[in-house]
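Chain naming follows the written order as A, B, C, D, E, F, G, H, I and J, and within any one chain the residues start at number 1.
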Amino acid sequence: MNRMKVTEKIIASKISQGLKWSDVATKVGLSKEWVTAACLGQMTLADDQADIVGELFDLSTEERTWLTVVPYKGATSDTPADPLIYRFYELIGVYGPTLKELIHEEFGDGIMSAIDFKMEMAREPNPNGDRVQITMSGKFLPYQSY
Amino acid sequence: MNRMKVTEKIIASKISQGLKWSDVATKVGLSKEWVTAACLGQMTLADDQADIVGELFDLSTEERTWLTVVPYKGATSDTPADPLIYRFYELIGVYGPTLKELIHEEFGDGIMSAIDFKMEMAREPNPNGDRVQITMSGKFLPYQSY
Amino acid sequence: MNRMKVTEKIIASKISQGLKWSDVATKVGLSKEWVTAACLGQMTLADDQADIVGELFDLSTEERTWLTVVPYKGATSDTPADPLIYRFYELIGVYGPTLKELIHEEFGDGIMSAIDFKMEMAREPNPNGDRVQITMSGKFLPYQSY
Amino acid sequence: MNRMKVTEKIIASKISQGLKWSDVATKVGLSKEWVTAACLGQMTLADDQADIVGELFDLSTEERTWLTVVPYKGATSDTPADPLIYRFYELIGVYGPTLKELIHEEFGDGIMSAIDFKMEMAREPNPNGDRVQITMSGKFLPYQSY
Amino acid sequence: MNRMKVTEKIIASKISQGLKWSDVATKVGLSKEWVTAACLGQMTLADDQADIVGELFDLSTEERTWLTVVPYKGATSDTPADPLIYRFYELIGVYGPTLKELIHEEFGDGIMSAIDFKMEMAREPNPNGDRVQITMSGKFLPYQSY
Amino acid sequence: MNRMKVTEKIIASKISQGLKWSDVATKVGLSKEWVTAACLGQMTLADDQADIVGELFDLSTEERTWLTVVPYKGATSDTPADPLIYRFYELIGVYGPTLKELIHEEFGDGIMSAIDFKMEMAREPNPNGDRVQITMSGKFLPYQSY
Amino acid sequence: MNRMKVTEKIIASKISQGLKWSDVATKVGLSKEWVTAACLGQMTLADDQADIVGELFDLSTEERTWLTVVPYKGATSDTPADPLIYRFYELIGVYGPTLKELIHEEFGDGIMSAIDFKMEMAREPNPNGDRVQITMSGKFLPYQSY
Amino acid sequence: MNRMKVTEKIIASKISQGLKWSDVATKVGLSKEWVTAACLGQMTLADDQADIVGELFDLSTEERTWLTVVPYKGATSDTPADPLIYRFYELIGVYGPTLKELIHEEFGDGIMSAIDFKMEMAREPNPNGDRVQITMSGKFLPYQSY
Amino acid sequence: MNRMKVTEKIIASKISQGLKWSDVATKVGLSKEWVTAACLGQMTLADDQADIVGELFDLSTEERTWLTVVPYKGATSDTPADPLIYRFYELIGVYGPTLKELIHEEFGDGIMSAIDFKMEMAREPNPNGDRVQITMSGKFLPYQSY
Amino acid sequence: MNRMKVTEKIIASKISQGLKWSDVATKVGLSKEWVTAACLGQMTLADDQADIVGELFDLSTEERTWLTVVPYKGATSDTPADPLIYRFYELIGVYGPTLKELIHEEFGDGIMSAIDFKMEMAREPNPNGDRVQITMSGKFLPYQSY
């Protein structure tokens, strides 16, 4: 038993039940972005959250415990092959130096936190074809001399 | 002469003159995000835009012509070393599968375009420390059977 | 259960039954290119398409459901080892910059979409030895300033 | 002096003169695809072709001689960063196994030659946005037992 | 069931029976080089060849069918670790540019086909220690302008 | 000054003079394969050989001395991009395990030496198109217990 | 002119003058760790700090300006070759999962900040041979649900 | 049975029992850092230590024996994906050359041993948010001429 | 069944029986270096050697046969993670060019054979701490012109 | 000016003067192994050693100073291409696990130091062809619990 196996079981259960991530999130009472990431093995759930998720996906007590253990996070492949995920990787190549310049210009030396961070994905209606809107918000963390 | 050398000249000129990207953008009359990316060698400028940028950074006629040529785009390193840029790469590892799930749940099979795309970076005031807010908007492109 | 296992089952079933992809495509009523890609785990099938394919390859209800879930797409190896597939990779090395120059010369800055895209493979009879003809058609997507 | 330097000189000369590849091809009397690939350092020119190209781009005798020497071909980066070129690489990931299946189904074991090969890029008018059409034709080469 | 499993079964059966590849080749009536490559999962067998091989290695009907399906070919590791195989890789590093120069000098621009190709390995008696002789023959394929 | 610069000078001189490697080899009095490899920076020349080569390519005394120094050998790229050289690499993938099996079957455990080695490339006339014939001969070196 | 060139000039000047980093740090009035990192191109200096450093290493006005620009940080090689630096990399391999377990056990899910971070290197006298003592202190940043 | 399986069993047992590493360390009578590393498969336990650990995690005699065998150590991935572990890797990129300079300035040519080494992780209370403190101590090993 | 499984079985049997490699070597009647390498799957055993080893580790007839088959040799990871093995890899980086210079100075162009090779590891008593002594002996193989 | 340039100058000077490393070592009064490594940029020289070396190779005062600065050590390529150096790398693949087993069997958990280390290369006369003998001696460093 490990977290990856719990993730696989959640995904298989979601597909066979025809559940939606947004419904899972509503049940947990948090954003669909955080809850999906947690179910996919990237976030740590509190005990009561693990119970709600465990109920929905029919997980055993041991599997629910694994949801409350801090997981190994992140993907291992340097260049993602999937076209949807690759587009975000491409954007780092095209816009990475631009973000570096503009954030430093606005805030000075430091970074946008990827830990004290939240994200939202929404549909943006548009007569020329609806658009995907992604809003990220991360605390600015300044480098300081010492 | 090539585009990379023009980019290096623009950066050196910007630093010695103490210019700001947001001022360059105001002069060009477009967003700071697009203009910075263009000055960093990722976008193609129209002739009049190249003249404004060329005036600001004291570029020769030949250098201005290079700004109007479609550049080779994107960074070549798999894993970026710079901490600020790496955080975006880390977010793909942590949230990539989540974005894939949620976009497909909302739109079906397809991707967020990285071409018909725009982005905005803004300061988000916060009593616990200001935050970096990044908003992306890309057209959804559906896969279709044929 | 996951999509990769369904793909493996389809391939094994196709070989033991001696089926042809073109016949599968005729049954589905779409091109052999799209249907083969879908059976190989690269495209998402509609429910009725999944039923036709499921019937042909003797898939269970759960396996048919997996055919309707958006798959992780793309191959993971940087340089493909198989000689037939490698030739396409080699062509990108030899002709990639040429395609970049000619598409930009004809259309300006932008790309050929790999999503709003279709492809056809056909035999081209030739007295010196028949030829493989591949026709690709992808919507041109322009970069635009903002 | 080497071929790469001749290529760089051709590109710089083309940009400063505002030439088009299709006009160069007309002067040489061959397709724009082959002539562009040759000017970009991927094909070997005959003496008279090298003279025409040398005239257009103002090359010295030694530089023209280099155009007639068989070059080292192909790009060195495993995964191309440029978005336009990457799309072709992505298509190999998504459609590579499909092409393998369909070519073997039609022709048996063997490959599409990347040497006895030609390619054409054309604009395909379309009310929903013009499309890029690429037609490839390569001789089928069968594996044979011995 | 897949081709790799059939290959593993053939190898295990060969070792436990103490068979020799040259005897297998004699039974099939073709060269030891082609037959060994085919048994190792690199070539496609005709039905009658698959029957002979299947008989020798005690393969089931389904396993024999897999021998007649075009396999995915080639090894995946960039730099082979095995000392015997590495020596051939080293020879490409040491002699690759030499072969390129000499083949172009003799034949012009083009390649030696790795498809229309045959190979023979033989013992070359020598008083200072016998030598391995490898003879390769591949059709020259010229690049042509179009 | 280093060996790579001498190699570059030899190549440039060969092209501007229109020399052929086979003529250089005749002057040196050795095979075209060894002489070309030596001129390309892979082999060490004796003093008199370095003088003959130096005369032909108009090398200085210091450059001739570099020809007599043992060079760093081999290419550094894992997967060669050039189509002609790649075909040899592909053959290792397709036939590497076959060569391993057949050499061990004939000689026992050991390798074909890549040092006590010679190679010859010749044109093999053929009505269906001439062929490239490559003959390699390397001493068998057995592993021995101790 | 770029930051890397300023770094190279500082290092060369330090060696020819026989300066010590700890003396530079004393002059700047900050820790030797931060000041050395800044001189090596990893931190951003304030104007007055850049003047002190510029005075010591005899930098021009333009070079001092570069010291105040946020640099691209971090090394690019995956596995460092230098034995001293490699030992730290090895420690991540040996102790990385241990640090992950112990930090999560003490603090819950989150990370040690590498931005709000300071470090000190000191000699630890020891009769069996003096020891290198490194003390790191980074703010704990918790992941939070949203 | 191998060491990795013992590690997996220890981790699963720890999670299902809700044990803490610091308690395990107290039972063994050594630091939490060394004991955790040992339980995670990086250190070799003495027989009595293996018995204590085996008791806690309910290991068989054979599994306890594996704890006393020197393990293969270190992680295999060049760039760690997990955000917590990556921060240490990032610190090597940012501070690696600084550590090299300062250690050589203090001790001369040599390294900090990663074998004769110990480490401690502690909570550092801080009104702005508690901090992770890591103290490393490794013997300085000088290079010496011979 | 394959050689790697036999190796795993030998290692597990050795650990559960508490055998030592040097005792195994004494039983086989050869050096501990060669016998250990053979048991770890890197060398080919004669029939009688395989019987002795098979007896000691309780191997079946089929497993003993696998010991007499030439194995695929060598490790696959570019940079070894294990600290003990890495030190040898580091020595190649630090001393590789030195060995190249000194061997060529003594012997001329050629290599030290890794096939006609033997090695011995011994304890070297030393009041400052015992040392590991490794003695390698490989036949010098000269490159020769032809 | 940096260490690499001093190394290049030493090598060029050695070749044009026809010096031998063993003579350089005699002048310095240390082993040929350490002195060659130092001249190739891997070791740090004392002031008087730098003067002797500087005299021999006609180095400036600044260049001699660089010889006394601790260099960045080690090679950067994962798999060395040069046949002589590769053989040592191959030996790690073939004998690495054997060395690990035998050193642990003799000494327990720990490593052979690559810092407190010396090496000697000598000719070993042999009627079947002289052999290269390499003797390494490194202090054993034990891991210890804490």
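Assume a residue touches a chain if its C-beta (ideal position, glycine included) is under 8 Å from a C-beta of that chain, and two chains touch if they have at least 3 such contacts.
Keep in mind it's a predicted model, so treat the numbers as computed, not measured.
Participant: If each hop has to land on a touching chain, what is the smallest number of hops from subunit B to subunit F?
Facilitator: Minimum step count, subunit B to subunit F: 2.
Participant: Looking at the contacts, which chains touch subunit F and subunit H alike?
Facilitator: I, J
Participant: Of the chain pairs H-J and C-E, which one is connected by the greater count of C-beta contacts?
Facilitator: Spelling it out, more C-beta pairs touch across H-J than across the other pair.
Participant: On a C-alpha centroid basis, what's the spacing between subunit C and subunit F, in Å?
Facilitator: Measuring from centre to centre gives 41 Å for this pair.
Participant: So the centre of each chain is just the mean of its C-alpha atoms; given that, what is the distance between subunit B and subunit G in Å?
Facilitator: About 29 Å, centre to centre.
Participant: Based only on mean CA positions, could you tell me how far subunit D sits from subunit I in angstrom?
Facilitator: That gives a centre separation of 49 Å.
Participant: Which whole number of Å gives the spacing of the CA centres of subunit F and subunit I?
Facilitator: Centre separation, subunit F to subunit I: 31 Å.
Participant: Do you know which subunit J residues sit against two or more other chains?
Facilitator: 33, 72-75, 78-79, 81-83, 86, 90, 93-94, 100, 104, 110-111, 113-115
Participant: Pull out all the chain pairs that touch, please.
Facilitator: A-B, A-C, A-D, A-G, A-H, B-C, B-D, B-G, B-H, C-D, C-E, C-F, D-E, D-F, E-F, E-I, E-J, F-I, F-J, G-H, G-I, G-J, H-I, H-J, I-J
Participant: Write out the stretch or stretches of subunit F touching subunit C in their complex.
Facilitator: Answer in residue numbers: 79, 81, 83, 86, 90, 93-94.
Participant: Which of the residues in subunit H come into contact with subunit A in the complex?
Facilitator: 8, 11-12, 15-16, 77, 79, 81-83, 86
Participant: Can you name the residues of subunit F that touch subunit I in the complex?
Facilitator: 30-31, 33-34, 38, 43-44, 46, 49, 70, 72, 100, 104, 108-111, 113, 115-116, 118, 141-146
Participant: Note which residues of subunit A are touching subunit B in the complex, please.
Facilitator: Touch list, subunit A to subunit B: 20-22, 32-33, 36-37, 40, 42, 73-75, 78-80, 82-85, 87-107, 110-114, 117, 119, 121, 123-124, 126, 128-140.
Participant: Going by the contact rule at the top, pick out the subunit C residues touching subunit A in the complex.
Facilitator: Against subunit A, subunit C makes touches at 1-2, 62, 65-66, 69, 72-76, 78, 114-115.
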